[in-house]
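In the two assemblies presented below, chain A is common to both, partnered first by chain B and then by chain C.
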Partner chain A sequence: MGAAPNDNTGKKGISRQFMYLLTVLAILLPLVFPVGMPVSVTPWVEKGYQHVEKLNPGDKVLISFDYSASGAADIHPAAEAIFKHLMDKDVKVITVAFVAEGNRFPGMLMSAWEEQGKVYGEDFIHLGFLSGHETGLAALFADIPGAAPVDSRGNPVTSYPIMDGVKTVADCKMFIGLSGGNPGPQQYVRQLEPYQGVEIFTACTAAIAPTVEPYLASGQIVGLVGGLKGAAEYETVMGYAGKASANMDAQSFAHLLVIGFIVAGNIIHFTSKKNEGN
Partner chain B sequence: MSTDLGIWLSALLSLAAFSFLIKENKFYNIAESAFIGVGTGYAFVMAWSNIQSKGFGQIAQGDYLTIVPVLLGLCLFGKMSKSTAWIGRYPAAMLMGMGSAIAIRGAVQSELVRQIAATCVPLNSVNNIIVVVGTLATVSYFLFSMKSTGSQLSGGINALSKLGRWVMMVSFGAAFANATMQRCAQLIDRLRFLFEEWIYLIR
Partner chain C sequence: MRTEVPVAIAVISGFIILIAHFFNIAPIQAAATHLQDWGILIAAFAIVVSAANLLMVHIGRLSNQREEAWKKVNSVIVIGLFLATAVTGVISRDHHVFNWLYDRIMLPLGVTFVSMNMFYLVTAAFRAFRAQSLEASLLLGAGIIVLLGNAPVVEAFVPWFSKAATWVMGAPNMAAQRGLMIGAAIGAVQTGLRVICGLDRSYL
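Let's turn to the complex of A and B:
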């Protein structure tokens, strides 16, 4: 089963299907039989947590849900953890989505918290989907009730107590961007440049996390939760084990397997090259 | 095993998508088409409700200035026919012009000035040295006009640009590793769904 023709070259190698099977097993076994591998917390997650921790009850935070269903597996656990942190601290949350599919995620979080006694319109509000990506961001930051006159439930946003005194993004203490691509950290930083008092905290897919590093180094973004691993770190620093932490064993085993594939691939490559030379 | 019809549908579509790993087949094509169709339908509904609430709704409430962007939006449909395509050029030009202007407005300060300032750090730690040398080396890779003059300066820049290539390769490697991590997370999510919510193997 292991040795089969390579699809591209016709040379003998490890069959793709065998590699897929190993990957599924490497993920499935730790899910069924968890081993509880430790999760180390990176400084950027710790810093993001500390900045949220410094918020006072009643402070307002704007969160943008800019990820689609395909990115949800990587970002939504972070969204849950950060939302929980904000709710625990009684921070008022205003949400919006600049990606159409992202529009459904705030409602999922809010309905769970409504069951626990939080009130829509007082503790949180969802402004709905706004089109335009970066131009939409600029419009919302400059005039929140103007860019989003009605919320996701079809009522005027100014009719909700949470929107009292909220005119621009400068009336919020923090902007949290949950991004799977565009708009993403680059767009958030660009459009929040005129609003220096608003801290930017971002959670994004692991794929775009390295592009955020320059903004962290310059202090333009105060914290980064990168992908599922970042979400597990955020849960760890909050002191609870949620969905992300539960998946970390599987993630670690999958990475070990990928490293094994890379090593094996290189060994096969160089061995076959040597044999060809002989 | 779950008795929820929605979970069964979701599980079967997930399996159909996974079947591509063996080879392309009808089940995969159905799942792919369903995914694209549902995504497009959802995006259309969201866009329409956006136009209703923030366009027609505002006009109905007396905000007549909203007629202007609504009309400009309608003009974009002119591009559907060759004879009326010129009508669509005006809103398209506005979209491009305004979009570029809005992006550039913040870019100069946030991506140029602040990023340059962030690399002006004292060379008192290994990290800072890597940041400064790595940035200079990478920027030198894109100095195309000074590489082939044969002078000592161009030789130095050539050497620095080679280092820059290595710095970029390291950063591409990090990006690739992160992309792999994201794909793993997506696979974990699907497998957890199948074995936890569908067949109850994970408890």
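Let's turn to the complex of A and C:
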């Protein structure tokens, strides 16, 4: 790999191998020796939690698992926390995936809850993968049994008690979009606009979380869980420490390391520039 | 005819979806639902085409005498895993072999692939993030505040960092995002109108 013209790595700076070693240590050591720093809860995670908390037992919620394996580290802990919250409140959950790789995640969560006594088809159902991204969203919202006639287990969706009275997304109290990109919050807001009674709550990667801010301010999205930090906040507000909280120390030290490298890079750059001037 | 028919289909489809969005007319709503279902089917066929293309590329590589040996080994692995997932996925939507392949191979590989970005990020932070101008300094400052605000170890000692990060996200970031969104929305309306009016035929 060739070095950039203003590259500080190498003889004049810090070697790439040393930087990689520090990165590995900054992530690995907090995982092995956790510090357990408290996580403060940001307003949009708190608001999302409060909206889920207001749901009554028996209310129906539609969750879309729109992230792939590569986004799982960032979003799946949030999915676990939100799913646990819904199960604790006896809310009925209908899941779907508009990203092919996301199709596996609802099954992972459901099998764990089935071992704890929840019943597939009564407490939750997975409609499977629906292609077409935003077109798929629009079609499902308009006619759920029409767009997804059979569930992930190959049975007619109308044969399950959870689907009684569910025709469109308007029959659900809330839509929760777990997104790693497209479809994402923008697509959810666009396609749910005609169904005014359905609240939108989203969890997404930290990278796309900043794009959700305008929708939060306008009230079109009621809550946001952004990345692993957001998931740790959701676990905190729920009063338990899950996977996200366990990984927060590693993320904290990784952030500090990045800032340390930014500062070191600037110091070396401006010092060498000053020396060249002299 | 090769141009007129696709353009007519696009124009009629566009109008039906647009009218169905604003007016509750039963036949139009039904037609829009059918069009959306067709959209799902077309996208599903695109997945089949892409899977077939993947298979053809790797079979072609295996039959090529001049191809390097390690590339052929790679193709054998791809074809083997492709057939394993395709066959088990067709047999059952919840087949234990399919789930095992996803949970034990696909998921760890996907997460590992993204995790590699961290190494590029630290070297990029060291090499490229310079406070060489006012704009770059502002970007650098905002980035550091958001990074520190999302690190609980920092919050524990300097609590206001979290509030500062929330302000950066909720004020300057939101203002910029709104500008981007409104600009993109105006562009989308313009493009949509051009397609519906048959003026934009770039999809042909």
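Methods note: the second predicted complex is superposed on the first by the 267 of 278 C-alpha atoms of A that agree within 3 Å, B and C clash if a C-alpha of one lies under 4 Å from a C-alpha of the other, contacts with A are read in each partner's own complex, and residues count from 1 in each chain.
The criterion applied here is as follows: a contact is a pair of C-beta atoms (placed from the backbone, for glycine too) under 8 Å apart; a residue touches a chain by one contact, two chains touch by 3 or more.
Model, not experiment: these values are computed from the prediction.
With both structures placed on the common chain, the touch criterion links A:Ala250 to chain B but leaves chain C unconnected.
Once the two complexes are overlaid on the shared chain, A:Val189 sits against chain B while remaining clear of chain C. In the superposition on chain A, A:Val119 makes contact with neither chain B nor chain C. Of the two partner chains, chain C is the only one that A:Ser40 touches; chain B does not reach it. Put simply, more of the residues of chain A are touched by C, taking chain B and chain C as the two choices. In the superposition on chain A, A:Val32 makes contact with chain B only, while chain C stays out of contact range.
Looking at the shared chain after the overlay, A:Gln220 reaches chain B, while chain C stays out of its contact range. Judged by the touch definition given at the top, the superposed model places A:Met108 against chain C, while chain B stays out of reach. After overlaying the two complexes on the shared chain, residue contacts for A:Ile267 are found with neither chain B nor chain C.
Overlap of the chain B and chain C interfaces on chain A: residues 16, 20, 23, 27, 68-70, 72-73, 100-101, 128, 130-131, 135, 138, 154, 186, 194, 206, 209-211, 214, 217, 227, 229, 251, 254-255, 258.
Against chain B, the residues of chain A that register as touching in their complex are 16-17, 20, 23-24, 27-28, 31-32, 68-70, 72-74, 100-101, 103, 128-131, 134-135, 138, 148-150, 154, 186-187, 189-194, 205-211, 214, 217-220, 226-229, 247, 250-251, 254-255, 258.
Taken together, the chain A residues at the contact with chain C in this complex read 4, 6-9, 13-14, 16, 19-20, 22-23, 27, 35, 37-40, 42-43, 68-73, 100-101, 104, 107-108, 128, 130-133, 135-136, 138-139, 142-143, 146-147, 152-154, 186, 194, 206, 209-211, 213-214, 217, 227, 229, 232, 248-249, 251-259, 261-262, 264-266, 269.
Residues of chain B that touch chain A in their complex: 21-22, 39, 42-43, 46-47, 49-50, 53-54, 57-58, 98-99, 102-103, 105-107, 109-111, 114-115, 117-118, 131, 171, 174-175, 178-182, 184-192, 195-196, 201-202.
For chain C in complex with chain A, the residues that touch the partner chain are 21, 29, 32-33, 36-37, 39-40, 42-44, 46-47, 92-94, 99, 102-103, 106-107, 109-111, 113-115, 118-119, 121-123, 125-131, 140, 143-144, 147-148, 150-156, 159, 162, 166, 169-170, 173-174, 177-178, 181.
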